[in-house]
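What follows is a structure written as structure tokens; I'll ask about it next.
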Amino acid sequence: MGILLLEQPLNAAAAHAEFLVEHGHHGAVAAFTGVVRSESGGVDYLYLDWYPGMTEASIRAIADAAKARFDIREVAVLHRCGRVEAGEPVVFVAAASEHRRAAFEAVDYMMDRLKSEAALWKREVGDGVDRWVEPRGEDAVSLKRWS
Amino acid sequence: MGILLLEQPLNAAAAHAEFLVEHGHHGAVAAFTGVVRSESGGVDYLYLDWYPGMTEASIRAIADAAKARFDIREVAVLHRCGRVEAGEPVVFVAAASEHRRAAFEAVDYMMDRLKSEAALWKREVGDGVDRWVEPRGEDAVSLKRWS
Amino acid sequence: MAKVEVLFFGRMADVAGARRKTCDAVRLLTLRESFFGADVAAVRMSVNQVQVFADQALNDGDEVAFFSVFSGG
Amino acid sequence: MAKVEVLFFGRMADVAGARRKTCDAVRLLTLRESFFGADVAAVRMSVNQVQVFADQALNDGDEVAFFSVFSGG
């Protein structure tokens, strides 16, 4: 599965199922799915601007860093780009390991880095809302845990 | 979904899919699946002894503690009992939240507590192997992070 | 004497050589000693599905369990 | 003068009022100033898909991009 940047809907359930089949035998599979919140202040959809080529490379660099840093066997990162409707998954990250702590930490680490180091630009659009989103202070704090 | 103790095979992919449908709209879903390792030193299967009633109560207490402690909306804990073959899932834990950090921590916390506080007794059986498993030192260290 | 159901789980079922017995007993620790002797450091116990850590009197119909340390997940 | 492709992403596409332009340019910072003036604190840049943080000379066929801070995940 590896790294995928998708303009089409991301099927997180199918990705998780496939990852379990292929890599579950290592013993520990941690996963994270981020969904566009439907209840949050009038946002109808996200638009994720991306830079073809550079965006994929930035995501791959994050996955490679996780594999180098943690005792894990395999990772998957599926990330949407383009228009993502409220209620749809925007990101799916998984890691397989023989050790549950390594699997947890790898997924946690990749999510932190994706928030601020993947070449993506998030715009929230909805009823009276149209704004580019910048990483929040808590994202920077969360990222700093790994440095 | 909530809490389930299963004598039959645990379908972690289906559980994850169902959890996403029901609770994904909160925004952040973290999940962990533990699978009986097929490559580990001749273990053909696990046998998980359980105490009907008390085992379910002990798992429910862990899930309730996670809900009280973290800013999460829903959790799922599916745990096998009885004979679990190598390659089969033994546990699936998920948490949904509006905040990814809370979702991660709740799953991590529940796994740590399940290892040593769920009323289950794990026996490894295989080629020349038949032993009751006790929590490892690293499990105790991991658990202590929450106290 | 109270008549109690005694259950054994995990390694303690092997040690006691039983999964379930009906016994006449007065106190929990005396009952435990009858199965495990003095070497009881690893024996956990519950009465009516609540884990207990000290001696107590037993009543007719109580469900007692003896078991090894938990290992789930 | 080098002929370069210039791409704009995120908020900087709105600020520049463009997604893509072909420009004649000599140096990266001069090119950036031509679109964003002196107010460039929030403008990130890359040359040939590698993020850069200092000035550099541009060559014919270079692909330059200007963009706001990343926000994925």
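The chains carry the letters A, B, C and D, assigned in the order they are written, with residues numbered from 1 in each.
By definition in this document, contacts are C-beta pairs under 8 Å (C-beta built on N, C-alpha and C of every residue); 3 or more make two chains touch, one makes a residue touch a chain.
Chain identities (UniProt): A, B = Molybdopterin synthase catalytic subunit; C, D = ThiS family protein.
Please read these numbers as outputs of a predicted model, since none were measured by experiment.
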- Query: Which chain has its C-alpha centre farthest away from the C-alpha centre of chain A?
  - Reply: C
- Counting in whole Å, what is the centre-to-centre distance of chain A and chain B, each centre being its mean C-alpha position? 23
- Message: Can you work out the whole-Å distance between the CA centroids of chain A and chain C?
- Response: 49
- Query: Centre to centre, by mean C-alpha position, how many angstrom separate chain A and chain D?
  - Reply: 26
- Find the geometric centre of each of chain C and chain D from their Cα atoms only, then give the gap between the two centres in Å, rounded to an integer. 74
- Item | chain D residues counted as touching two or more neighbouring chains | none
- Sequence positions of chain A contacting 2 or more other chains: 34, 111
- Task: So, with touch as defined above, which chain pairs make the list?
- Result: A-B, A-D, B-C
- Task: Within their complex, state which residues of chain B touch chain A.
- Result: 12-13, 16-17, 20-21, 24-40, 87, 89, 98, 100-101, 103-104, 107-108, 111, 138, 142
- Task: Within their complex, state which residues of chain B touch chain C.
- Result: 34, 48-51, 53-54, 57-58, 79, 90-91, 111, 114-123, 132-135
- Residues of chain C that touch chain B when the two form their complex: 7, 9-11, 13-14, 46, 49, 65, 67-73
